[in-house]
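Labels run A, B, C and D following the written order; every chain starts at residue 1.
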Amino acid sequence: MNVIVWNEYYHERRHPEICEFYPGGIHGYLQSVLECDDVEVSTATLDDPECGLTDETLDQTDVLVWWGHAKHHLVPDEVVERVYKHVIAGMGLIVLHSGHFSKIFRRLMGTSCTLKWRAKDKERVWTVMPEHPIAKGVPESFSLDPEEMYGERFDIPAPEELIFLGWFKGGEIFRSGCTWRRGHGKIFYFQPGHEDYPTFCNENIQTILRNAVRWACPEEKNIAVDFPNNIFKLIYMNFHLFYNI
Amino acid sequence: MNVIVWNEYYHERRHPEICEFYPGGIHGYLQSVLECDDVEVSTATLDDPECGLTDETLDQTDVLVWWGHAKHHLVPDEVVERVYKHVIAGMGLIVLHSGHFSKIFRRLMGTSCTLKWRAKDKERVWTVMPEHPIAKGVPESFSLDPEEMYGERFDIPAPEELIFLGWFKGGEIFRSGCTWRRGHGKIFYFQPGHEDYPTFCNENIQTILRNAVRWACPEEKNIAVDFPNNIFKLIYMNFHLFYNI
Amino acid sequence: MNVIVWNEYYHERRHPEICEFYPGGIHGYLQSVLECDDVEVSTATLDDPECGLTDETLDQTDVLVWWGHAKHHLVPDEVVERVYKHVIAGMGLIVLHSGHFSKIFRRLMGTSCTLKWRAKDKERVWTVMPEHPIAKGVPESFSLDPEEMYGERFDIPAPEELIFLGWFKGGEIFRSGCTWRRGHGKIFYFQPGHEDYPTFCNENIQTILRNAVRWACPEEKNIAVDFPNNIFKLIYMNFHLFYNI
Amino acid sequence: MNVIVWNEYYHERRHPEICEFYPGGIHGYLQSVLECDDVEVSTATLDDPECGLTDETLDQTDVLVWWGHAKHHLVPDEVVERVYKHVIAGMGLIVLHSGHFSKIFRRLMGTSCTLKWRAKDKERVWTVMPEHPIAKGVPESFSLDPEEMYGERFDIPAPEELIFLGWFKGGEIFRSGCTWRRGHGKIFYFQPGHEDYPTFCNENIQTILRNAVRWACPEEKNIAVDFPNNIFKLIYMNFHLFYNI
């Protein structure tokens, strides 16, 4: 299985104190978390040519993990459209924390993806679907102290599966772990992961991310075969449009 | 629209101090809350013959509101089956608080309906589907202090709509307002409403219950017409079974 | 309630024989179908300035009905974005037939919305959710002969409600009547309605469309109040983004 | 992985001509279809003591496949309750064809599970979720000629996933492949499989059943550990009930 961790890689360079948690950036840290015998993980960042997300790269990718926050608007629309097509063709997508506002997540959801937020609070993550593969080995609840508060109403389409709920000491709740399918691709949004706190060092968070990557991996890994198929349908339909005129 | 509020009516008589909140029992109180120009509300309790739920009564009923707690096991199975058939035929059902463990709710859900609980906590109810008719006029969040804590994991089928989430000061969360359809009937489960606290006196709770009753009312009020139809299908199928032997 | 029927109004002018069914175009015909005591219906077409869909107009609109086919690409992106924001803010949207490929539907679904098609077949529409308000008064099944065949796989997010299924004589099936929510808005996609056949003259089709318009109408009709709210949240979030940099 | 195929084993003995397709009964045939390197398959029938479904047996079972038709009423309620608890605890359940009317399926669905039927028709099965693990290797559509017609409205709770749709030459459609979760258990209902026709000899049907068994297998195979947990919660709740009285 081939995974890419994408990171805008901005905060870590501007605020090097973050690198205490994440030497080599969030992407580098997550790479080390996710890599194992049968999972190869590479990374890509905003500054790479084409954001490191060419068709050649995405053709080889089973699951894309996305972390972005302050620079969503700098991801070119054509890169977003390329990632979008690969998700529709079957590539899994894991969107982390502030990635809720990324172009690719909003493109796939079709909603504003707005939410409430407040700095530094204590969170308790509850597992409401313990039987789900993403929750395998995850306790009934665990704490993150501190984590940034994300609160409802989160403007998303009704999740197809609601796996985790977040409780915040300050009084808010959040649908913290949600799945959807778009086309042939599986999508998992997971709320924890603020850049100022060592969230990704938490053992339960790591278990969830490892599970999520396996869950999001498409049945048919050769998505290159599937993708032209889709394109064909599009051409077929366009032919239809002209034929009828 | 015709509504029946059903109450086991046990705690109020054994612990008369509860009657300070609910003169005439929870059923009597809810009757006064729900009654209005176009909504006629009657009541029924465990001690009534057939629990007050004969076919004649249910034929005339659009929505049944259910409150029970300590005496679920005393509701006869044939009454449960009768209510069940009316829900399948289109009667709305609102299940309140400890009614999660009633025979009728478990019959319709097909799950154990277990949950966590703890006495006396502060709850904050969050509206996650503000656009839903049951949430009309309900603020983004409101507090109940005290309310009994109900916590996840709540063993229910995935709700078709998740309208409210409950936050508890002690650290738990709960899917507090959920809907499902079974047959032609609409079901709303709502978590607040412990007998020891004046929950039903809360203005927002009253708004939600009034909305829920309207939402659960079937499109076709003459469920008597629909019900034999269903029976017919059952007979038709049984014929099938024998025919094939 | 205020409804706008939008039509690209191309086929009727190029192929005037269609006007036998729909004098004044599909939009004019649907206007006459939908108009009644408490429903005011106006129309808009591709050739109107701003496609007839300014913010002033949409502010006054509860439900937008969309018919388009050959000219989806001519609807300006800023009009699509404007309609999109109004749906997120609560405006209902009914998308008919070939509108599956409209920019606005694809924007809200987040998928390719591709499907199979074949000219002229016999369709039988089956009601799988007879209890749904959109199915009120609609028989268990009814025929459309001819109708264009639309077949699976239809690349849409899993419908929140699947109300109608289409059977085609040539061997295909289709999820013909589906609902979703996006933001505060309700969306209904309905497959029948090819321009070459008198589909909209069918009494059951008319019942469904009248029901759909009532179903899609938002609880809070003053969506102008809701909309700035949403904008505020967006500004609030953007502030967040800059604050963190 | 351990699988049990349960069969009422009535038609095959009364109408031995069926044994041409299914030497040793439907259960024996399905055993040979499902068995492979890492899947051990045993069988059980109505005539076995306790229907062959004791707690000891079910404790060792990951997935139960159910075929029944004319003798649903002869399955003792305590066996149904035992199977039910194992599904809630995580055991997968595959319900085939006329098993829609089995006690266990109706218990888990909470609806009447009625449907339409007609003898001998041609069916075409369409894959509407090609990306689902149960559809892996299954073509876009395939034919069964003959198969018994099952038609809507099928009175089930809205499927969590709708994987296959059935088209029948006579004019009906059916939600032929549906999934739900109940407690920790996954459930797949699949419509084809009438005893008079060689449906289970079809290669695509066999692929689907093999896939379904893998899909329904719980993450945590040691369901014995999980089950007491559930029981504990139930006791805990009952304590609650008495404590409050």
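Keep this in mind: a contact is a pair of C-beta atoms (placed from the backbone, for glycine too) under 8 Å apart; a residue touches a chain by one contact, two chains touch by 3 or more.
These numbers were taken from a predicted model, which means no experiment stands behind them.
Participant: Which contact partners do subunit B and subunit C have in common?
Facilitator: Common neighbours, subunit B/subunit C: A, D.
Participant: Hey, what chains does subunit B share as contacts with subunit D?
Facilitator: A, C
Participant: As a test of understanding: of all chains, whose mean C-alpha position lies farthest from that of subunit A?
Facilitator: The chain lying farthest from subunit A is B.
Participant: Where the CA atoms of subunit A average out and where those of subunit B average out, how many Å apart are those spots?
Facilitator: 38
Participant: Measuring centre to centre with CA averages, how many angstrom lie between subunit A and subunit C?
Facilitator: The separation of the two C-alpha centroids amounts to 31 Å.
Participant: Could you say which residues in subunit A touch two or more other chains, in rising order?
Facilitator: Residues 130, 158, 160, 181, 183 of subunit A touch two or more partner chains.
Participant: Which of the residues in subunit B come into contact with subunit A in the complex?
Facilitator: 124, 126-128, 130, 140-141, 151-154, 158, 161-162, 165-168, 171-173, 175
Participant: Within their complex, state which residues of subunit C touch subunit B.
Facilitator: 90, 129-133, 136, 160, 181, 183-186, 218-220
Participant: What part of subunit B is in contact with subunit D in the complex they form?
Facilitator: Subunit B residues touching subunit D: 10-11, 14, 69-70, 72, 88, 101, 107-112, 114-115, 117, 155, 157-158, 160, 180-183, 230, 233-234, 237, 240-242, 244-245.
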